[in-house]
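Here is the structure we will look at, set down as structure tokens.
A, B, C and D label the chains in the order they appear, each numbered from 1.
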């Protein structure tokens, strides 16, 4: 039996913070009421909000220069599931995890499904991996995978994606996320048009293998690991591909995969408009695909993204059903702490967006009252919704202060004892 | 009678440079032959290449801080035509000009067409202007034009575009370029989805007014004059709009309208692929929409764009028929000198792209021979094609050294005398 | 007699909001107390905080494409003073204004000083202008001013700066801000080292004219209006110049004058370290020098800057005495509304930085507890300090809700009547 | 005995290309003469030009996602020396290599020095490594090295640098390059000022250990591996540190370590001006620190850097003595091919800068003749100096076409046979 945080500890910790929370929640409720907003309506929506955690995210990430693992690293997918379950236990915000293959491949997929069920965790989108070579792999992806000049390599990559779907079906997933590192480092290395031919050819085969109730999420990225061109570099290319594939293909937005200065929330708005928004890989970044914790660098940007999502939900945009996932690289923090914190920051942005008076905002926009429109939006962001988030956790049986409770539990120390041989755990970072 | 450079001066100047050119051209011919390339085939294509000049480009441009006009500024469209004709006379590369309305609006459009014809100049795409308020204009574009919240403003902007088409028909144009400054400076100022509704609604009306043999060019831009969001901010949005409008709508690429680091040549490749590349506004930039002279900052990027164009032409990409235009702001140079130089730099990139051994390149790419592929491409760029460009001009009756000949003619000094009242000439810069 | 907002209106408006403010302020006080912070200590510091407004900021700004003036534009510096006084009246945060010459030059500087005094407004740093040509100016700044290749032009620009100091002395200013547009648009246009020689030579002359108790603020900027190189492009160059000049030279930080992605707060930290931080031109930006309202695009960045300032103040950094000024271009808002809002957003960042538990933060940093350190900092930012800001205004006689009170007063409509001839008012934007 | 390319093969290959080279060289000589330039003077300078190769560069590099090694990877520093010698043998441009410790640490440094000497290779600057943890290392650099909050960690890092100097002395090096990955991923993780205190404290100790005739090169970098702040993030910070340390401290410029859009050649100009330019890590990049082959992405930028270097050399800038090194990550090419090509591209930029008529350029700049100045500079870049580079190699005993000769030799295949156990070779990339 491995260690799990006892619910009694959570209850005990919560008891200590209950009075302060009640005071803050009540004061915020009065303030929101004066602004014409109902705190309970917001809290209810926050309770219902969920974001998936990536199985690979519970291991320490790294850069091309180094990786510095921490104690108690998960040794395989079963350990990872346990950590994912702990994140959900404390935050009540992450009921599912998103697996990555072959990293999470096991001999008995049924056993994996069972274990997750026992831990109270479901499975979100499955992720394929054709950006690394695996031991014993017949052909290399050094010069590409789904867009390699060699048909044999493309076939191998296609087959892997189809296998991911098969595993995902056993796990109860309903989507496949396809991110490739394909591209080129130098002008002249590849023909920019030809590689897109191959992308479409490969994706069409994968698409043909999708079950009826599945979706495929195409993930674009400006650069890295390719440093001159990336085959699916931007949302325009991603949309072009999705529309050519068919109604089950959608475009995934990772917040760190864009050129500097780009207005991401407008891209989100455009994809919603054409009914092709797959969902998100949430994280934050200052320079590139930094994969930092969500909301840690530009929380106002995260809020603006959620402003588009709430706007779309409230106007009933057709086909609007985004999948939310965290996708981060935890290089210098305890991954469990980072994922808990990030799930909360994503909720924060959502709650702030719910704290906007949308009717008044629409009126100001209609009147070209720039100052009023902008202040109405900012009012949502400035609101300290922390009491709402804590109350939502408390009501769901989670911790008022997940970080404090986690630290009080000694979970990591216990795991460091339980997981001695953490030598070569996969540390993938997408 | 206004001053025009006598052909005798060109001939005289050319005579002085003929021997050197012959030596250089011959040496380059031998080198290309050793590389399996035929210099005459390249020269012929260069002779046939043309790029339009913008009428507003012959006036001195400026920034929001200041504008510093030079002597002999054109006082109106008739003076502008004269300068455009001079550019073509010396370079033989710019047989058409692109007018901008209402800047170039005259009472008698027929007179304008006559004058151009007499000068040997044709008309390229017409440009509408709804990013400025004109004296006496009923409604302001301060908060938008084709996407303004007020229908009356949108109608006014639509009507202006339709008028531009009407004028253009009289001038022999076959395309309308639509660039708007619409967007927002602050989050909350406008609803990002709603303004796109209005864009589509307005464009549909303009599109319905297009003659059968016309095209409409949609020009996207990341930012400026709007500094938070731009309605048509990127090629993805531009393509979304073009596809919704119909087969006469195309996407225009201005080299300075992208986010930092973006791979522009790949965007060109994608637009060619879907048959929606309108063409180009050529210029160069280091920071943003700097509107510097073509090829002055990143000539290798310009070459890579032409590599895509030559590749598309040689593979016979369906619907491939791009319009080429310069669009620059000449703040510190004599605009005529800048436009001559820029036309030549665009030709240079074209000739360099023609100096690539494409069969060998395709083989290297097929074999994933990264180093060979990249060297084969770079070999085209490294080639000093100056003798080809000079020879193409010489054969067409232009100047071997247009700058030297222009300066020798004293054209600018003459114009400074002929055009005394150059007070308020329009200095638009798009 | 021109219209001024009656204090009775402010009192009336405040009465309506007093109870809500009291509730919010009290709830926040309890929360801060639980976090070990004293709300009154923060409020007191906010009351003492001041930021200067630029005289040119009260006119509508524009871009190189267009300027769309609003009603009641100030017709000259006396109107501007009035608007500046109104901003201070409502916000109690902007007791001084910063004049720009020759825009604000009057025949009788004494009259200007008198008028400001009567309005309760003082003068901050004076700004010189050698980036535009003025009517009747003997030599042009088209190719540079303090760094022009011609000594005569440099001398003219130096003399103008010395005149600015002389005017500033009469106004009670204690600093000269020098921003130049000098640089180049093309590689080869100027010798990058030679122009810096000239900069130092010119600045040395200006420095020699500084009164003993004055400072000169050197303002760097990456680009615009020069689009290839700017002579004082970054803080490294600015510091190099300041150190060569002497102890009265300091480096000014404008938040929009940096390359994309740059960590501005670290630059602030470095300049504080060497005792050379002049102060700030506050504004916000998404793309470049957008000159948007402070805190409107990246409020967390503004907070991080203030985190450095509070840190420096609390550790008693030697020579730490920054000057705070807003420097924005109000293109689509009422400039008075924008400047009020911006002053408040700057205060907000300051108050949030004061709401950080710095002792605990230092402990977490010492222990390399990354998650705790970051959460302690973020806790300050997440705090909704609005009640503190409103209370500080209320105590100083300002408006609880400046925007509502301003609009209720009808100030702008009155000014539109009083200032009929607002044709050619200067709309400088730096 | 391991395989080395026989000089006879080089001679044989050169014989085949000699006639073409003679024709091209002669034609270029005539053209340059017409432009007032002496080809022999340029060729002589190119012959004398040298750039160091990094020992770690001969192994295949990678990204955080994957590394795809090639055949015949060097298994240790002795193999690396051999590859470095081969690069020099064919290009005659890379007489020295730059070692990295502990990667290149051997028991008997004397043996290493002997082996290099036998191969005709010298040693350039030594590089320390405190951005990774080594097996058995007592303290971790996860949270910093020279700037870690713990003095014990800082001491360990200082000691390592001092050891590097000691090894370097035995190898004949005269400089230590210090690049650290220290910084933070999140606001609040560290105190931006405090970490700089520690940097200065640590560097002062290292500096005190420098032999009199040594220099220390401080290398700045904007981001990566730290993604919020980097302690030595820019040239301003680097210069601040160098000046505080003393006359033996200099600032190293890596072309990929800057923010987007930054004008690198102007930074070079500024560092030359204050006599603190250490030299370069040459590479190229499109997005960030991509570490692509020199000249492969923006060859005009590389040329502009060399324009500053030639300008400084010709004006005799005091203390001007830069060290040149390649620093690249070869992820998809044969590292030997990439390093040969890159050394040649660096030479190309140098030769192009020598092909500028500097007297005429200075005159044009003095006259503010923007167009002429820019064309004179560009004329150097447009010149195809390939014949000069090939001739310089030929005269030195190298290959006219190094890539062709290298491939003809079968060197890589031989090495794949000779170096069977290439399992865990270090693949560092800085």
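One rule holds for everything that comes next: a residue touches a chain if its C-beta (ideal position, glycine included) is under 8 Å from a C-beta of that chain, and two chains touch if they have at least 3 such contacts.
Just so we're clear, the structure is a prediction, and the values are computed from it rather than from any experiment.
Undergrad: Can you tell me the least number of steps between chain B and chain C, where a step is a move to a chain it touches?
TA: The fewest steps needed to get from chain B to chain C is 1.
Undergrad: Farthest from chain D in C-alpha centre terms, which chain would that be?
TA: Farthest by centroid: C.
Undergrad: Provide the C-alpha centroid distance between chain B and chain D, rounded to the nearest whole angstrom.
TA: One centre to the other, that is 39 Å.
Undergrad: If you average the Cα atoms of chain C and of chain D to get two centres, how far apart are those centres in Å?
TA: Between these chains, centre-to-centre, one finds 42 Å.
Undergrad: Give the residues of chain D that touch two or more other chains, as numbers and ranges in rising order.
TA: Only 143, 185-187, 189, 222-223, 228, 260-261, 263, 286-287, 296-297, 300, 332-333, 370, 374-375, 378 qualify.
Undergrad: Give the list of chain B residues in touch with chain A in this complex.
TA: Listed in rising order, the residues of chain B that touch chain A are 143-144, 148-150, 184-194, 196, 222-223, 228-230, 233-237, 239-240, 258-263, 265-267, 269-270, 272-274, 300, 304, 307-308, 311-312, 361-362, 364-368, 370, 373-378.
Undergrad: Applying the document's contact rule, which stretches of chain A touch chain C when the two form their complex?
TA: The contact residues of chain A facing chain C are 20, 23-24, 27-28, 30-31, 34, 260-261, 263, 286-287, 296-301, 332-334, 337-338, 341, 348, 370-371, 374-375, 378, 381-384, 386, 403.
Undergrad: Applying the document's contact rule, which stretches of chain D touch chain A when the two form their complex?
TA: 61-66, 68, 131-133, 140-143, 181, 185-187, 189, 222-225, 227-228, 260, 285-288, 290-293, 296-297, 329, 331-333, 428-430
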